[in-house]
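Below, each structure is written out as structure tokens.
Two complexes, one shared chain (chain A), two partners (chain B, chain C).
Up next, the complex of A and B:
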């Protein structure tokens, strides 16, 4: 901090921006010298209204009656869907905090008026006006009253290595999940300190917590179950024992709560618990954060930087909300109106065009069986790349411009000459993700940056995955179903182009799945061997493509019901570096008990010893021994009970289950009987038990006797999972049991199964082609 | 007036201009409406406004195929637009009401699939949904003056009084209502 006569100049990071009653906005700023400063800044906000002149006059009359400081003026702004400037009434409110309430009143009084820029998150407005985003490194000049005179960002959201803020992080974790049982102590970690504080007696406990908050003064409170239990528990104790608890830094503010939410996303019911936000300090609950396991705190920071959403929000909101925020910021930069409610509906089209055009991603069924010399090549972030490359956006699709091109299969046009809002939003994000991926490939494992890059790339991945779906999402401000369809239409076209290239170069295409191809050409073993196909595909499509890896062997699995029917995206294999890749098998499913998925992964690990498909049968004796050992442990009931847990996500309430005897409904009923109710989207955990109702809900109180475990049921699951892995080697379901329990030897398996596996495997089993 | 339909409305319902006919059925009578669209498309142009992305061109094509090999011509006679929010449904109906007035007679039959699906969205205030539904009802009158109009509705959830309010408003508004009959229970063979 540099003090001057008129005030101070700061270099550092903006942690949080929020509204205040009379001073515009508050900025909590982490100065380079470690000072935490509270600054304020006047920040009037503007929103717009469009209607016929008479209604706008009535609106102005209403505004004149408002007891707050505001001004209005007529202006022209661009409506993206009309793709032209329209006359609007601008309403500028002096105090930021008063705008939402004013807008709410106006929208109720004038429901026929179209409002724009009316419900934009403050941090996005702030970023659009100042260029400053969460954790931005910047220079601030403030006067003696700590009122910001100027603020200048010194980095952008697109830096790979922004200057890291020296944040103080306090971690608080109850010893058990409060839903499961009553916690008894709190694990506390900050810097090099680690300790456990008993929750009883209450008074010394809360004094301890208050003291740590006071003395360490953390920037981030990182909790487990903080949103749904811990913070409320601490506040309750603080009130009960009259011990002030400085959860916030901001004076005079309580905690902000946002209610729990249940919603549908990609066909799944999602439950988000209550949220607790702080002021001047950030609270992030690992258990309620979105995809915490995927990208952690580094990913949350990255999301805050690129989406512009406050960190407490970016940790918890869906990637779709992140994309929406980015699009709004782009719109504000471009001077495009952000509609409150999108009214643009689909243009009428014939059912015939829907029949041929609305197809989704292209899938080319896999060739069932074990294969060697296979390379997997993937378009890098295919759909976002398609959006950027073909300039797909709400305003570009259906363009009547003379330069517009025809979209394949859809019969619609697209303007590729003027960059659209959605591609403009995605382009820097896509570039940054590709840069991260390049760095990840080149950096050695020991480099600490590699881990951070992986987290950031993972955060980007979810934003980019969502951006395509968001184009068709009903509440997307700049979404349009035709643009959504255009993405898949181009995607199909690009995949077919890639297939043509592969076949022209002599590859056999074994499988295609939306954005990836599995190609085989005997003799090709190195990355260099695959360069020509990558180059040619990229040249032909204009999209980036990469080699995901070369498989030592890969097995594409058939349907469970009919072994002649292939199933897309259900396979397992081992890359040349020994990395296992699995899709669609039990170990990938979150409802598989750990003892089953653990077995699958152990067997797969053993199978990595095979350098080619031909060597796999040689491992069968070891696989058999391993399976018998694992099965014996399960049947003896000696594994920790957690290994037997089945976890299922609820899609409905107990009352909505038509069959009350299903395991899920029975476990739910057990919990409901003791007053623990779960909502759709939450997960219920249970064990399979002997007798009725056949399950024991994990979150029931009391001890569970392992002798009650229904090991026969686990055995069925076990054998099914083992069969998944061994089926490509020619086992039938009954044959597997015979072999496993010593009834037959592998060479005695029915010969037709070997024919199905492939002639090249017969010698490995000691059999001749002529058999 | 509440009537009952058993199978295809194309077989039993006669649509005429000037009358607003509603079908109340689970899933908004999806299969009935698709079959109806197919039957109408065999005869002439049809306008489908879809409130819940229920329109499945494959099913319609299959229905058409039972009567003609020229599936493409029949499908081309169906004009389709989908609404994903109640605001979009209102906008679609406003556009359709305007269009129908300028179309040469006879105007194509109009089928509204699952009208209330978007209106059952609790994220929009009930008062606002009622305002929009009232506007839609004006458009229905305008459309039905020139074109046969069939609207499909889904029952309200038992625990959602807001949905029941909206449904009641539509049932009170429609000139004629047909309700799908539950399939008859199979007769149990008796010994005596």
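Up next, the complex of A and C:
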């Protein structure tokens, strides 16, 4: 440790930075020798105000009355939307912790004054000033009082392989989801230890937990349902039995709570539980982390490093907040003012230009049927690439600079010479993601790095996906709808350019979907065969494009309602390496019972044996045997009950369901009757049963008799899912049942017999199709 | 999600709906024909959206015409193949 060693220098990692009452900020530092230390650093914070001189004078007068240490001065800063320097009054507050309250008071007293840099997360300010971000590896000089004299980052957020901090992680998991039923024990894991501690009796339980926290002294508490249940439960027991529980390392701090919320995003209702943050230790709740399943702890670390948000926050925030944070850091670096409330309206324009501008990506209707010799080519992170390549940012779109170019379709101009704030933010992120992707492609399967890279790449994916949406979001600080429209306009332009290239090279374009094309050319078999088209598209558009894979065969499905009508996102196919790709079919939907999606995946696995579409009918006897076997297991009710579970995400509360007899509403009512309420965005699980109300909510107490399962209902779901897979081989819905149950044996099944438009009309006109 | 303009799929359904009285008064066999025409227009929704025409129904009509013409060409080719003696001798004659 550093006691007594005045002016010592340390190497290590910054785990967390937060405000403290009288010492500026606290840094929790993990030194390379394994010691955990608490350091402090004075950290005055500056924000700005703009108004006419008389109002600013009044503000100065008010500031002079404040009982806190601060200083003011007049200066010039750049406003992004005006794209010029404007005169502002800088207000520098000596104690970090006092700034938010001061700003709150001022914004209420002076609602007409525009404030800038007023509500920026401390960790972003710290990064902008020192270059130190969460988990940054750095060198620190501190004095004998543990006050930081200097801090120097030896690492950037853009390293692919940063030096890994030797973090101590304690994992705590209740045995069941507390929302659904009462947990009885806690699964505890750290390093090589695992154990189960019963929650009853309470006193020994809480003593045990306190002693593990004391002796192991973890850096990270990794929990399941810690935010919504566990931490509160532990605190309650600690209070009841008067056993001190060292959840925090920081002396004198309790836990910090943030409320739960329900919101609507990307067509889904999302429920986020309350959050519990610790000080000096990090609490991460796997069940409340945004996309834990996608990216895990590695992804959380990566998000913290690239967004600059504290780890406890980056584990839980939406990717949109992550992108916002990154843009603020870029703004602080560029010396651009960060508006508190954006006051930016859309420019007036003609209705026709709205027609052209207000469009998304191009989504085609594919050529229905079964196809071979198909390659799928995708633009790599298309929208972020477009933003970076064409320099699309709030301040570059609509530029009056003489070098400005015209954006296709929109009739607006864009300055492509001076790098904009949004592209500057995205460029390193995009570069890092592409580097990860290259590494993932080249590393062998057994390499542990591959898994880490995959986690990181998927964390980046969400940041990059939202960065585009945030250009058009009305509350985004640096968003502007014209910039958002410019991105989609360029996107459409690039996709059509790619289509032209493909057709010039003799490809048939089967399908296009925003950033991907499915192209067919008989005879093309290898990755090498597709190089010319990739090269040409990339040369013509300036954007990176890659071959996602070559299909042995792929089937584009029609709509459920009408087999003449193609739908954009319902297809399945098998790549040459045997990987199955499915979209929009039952196995991909989370509400499909496992016994049904399991069947689909098993049939698909069998279908991978066909090297081309022509070989598929040869597999029909095997497929039939498999289907009959799976169906009989379902009907005999011998599968584990979990296999029959239907899981639906709630989009509303029970009172809002208009029809009380829908399975979801009925299951919800059963839960409500035993005092368990679920909120929109949470999931309800149930089984289909015989009689009324036809469902049994999974989380009801007591045993369930499998004889009550409504197997007829599961059979209907089963046949529908089987039809999805066999339809491209020429089956009709009734024909499938006849074939499956031996009522009729089709002699030779033709491939690709989708009804052509008009075909079914022939009998009405007394005609028969002869071909 | 908030939209300033309806999506092309919504526009399509709206246009189809606008002709529901026309469709209702048709004979059953003609109703099916109208449904088919709309189905063929639906194959070109992406291009219709991209066209951003102020009167989208004009684009839908053109899409229907396009599919009709494709079908005419296909039938013409079939008839020509059926009427002409086998293709290979005729090419031999020409050469």
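Please note the rule applied: the second predicted complex is superposed on the first by the 741 of 771 C-alpha atoms of A that agree within 3 Å, B and C clash if a C-alpha of one lies under 4 Å from a C-alpha of the other, contacts with A are read in each partner's own complex, and residues count from 1 in each chain.
Convention: a contact is a pair of C-beta atoms (placed from the backbone, for glycine too) under 8 Å apart; a residue touches a chain by one contact, two chains touch by 3 or more.
Bear in mind that the values here come from a model prediction, so they are computed numbers and not experimental data.
**Student:** Of the partners chain B and chain C, which touch A:576 in the superposed model: first, second, both, neither?
**Tutor:** In the superposed model, A:576 contacts neither chain B nor chain C.
**Student:** Looking at A:492, would you say it contacts chain B, chain C, both, or neither? Reply first, second, both or neither.
**Tutor:** It touches chain C, and chain B stays clear.
**Student:** Examine A:358 and indicate which partner it touches, taking first as chain B and second as chain C; both and neither are also allowed.
**Tutor:** It touches chain B and chain C both.
**Student:** Check the contacts made with chain A and report whether chain B or chain C touches more of its residues.
**Tutor:** In the superposed model, C touches more residues of chain A.
**Student:** After superposition on the shared chain, which partner residues are touched by A:512: those of chain B (first), chain C (second), both, or neither?
**Tutor:** Only chain C is touched by A:512; chain B is not.
**Student:** Tell me which partner A:562 touches in the superposition: chain B (first), chain C (second), both or neither.
**Tutor:** second
**Student:** Now for A:274: first (chain B), second (chain C), both, or neither, which partner does it touch?
**Tutor:** neither
**Student:** With the touch criterion stated at the top, can you tell me which chain A residues are shared between the chain B interface and the chain C interface?
**Tutor:** In chain A, residues 351-352, 354-355, 358 are touched by chain B and also by chain C.
**Student:** Mind pulling up the chain A residues that touch chain B in the complex?
**Tutor:** Against chain B, the touching part of chain A is residues 108, 111, 341-352, 354-355, 358, 474-475, 481.
**Student:** Would you mind writing out the residues of chain B in touch with chain A in their complex?
**Tutor:** Against chain A, chain B makes touches at 37, 41, 47-48, 55, 57-58, 60-61, 72, 75-85, 87-92, 95, 118, 123, 127-128, 131.
**Student:** Considering the complex alone, what residue numbers of chain C touch chain A?
**Tutor:** 1, 3-5, 29, 32-33, 36, 39-40, 42-46, 49-50, 52-54, 67, 71, 78
**Student:** In the complex of these two chains, what residues of chain A are touching chain C?
**Tutor:** 266-267, 351-352, 354-356, 358-359, 362-365, 492, 496, 512, 562, 564-566, 757-758, 760-761, 764-765, 771
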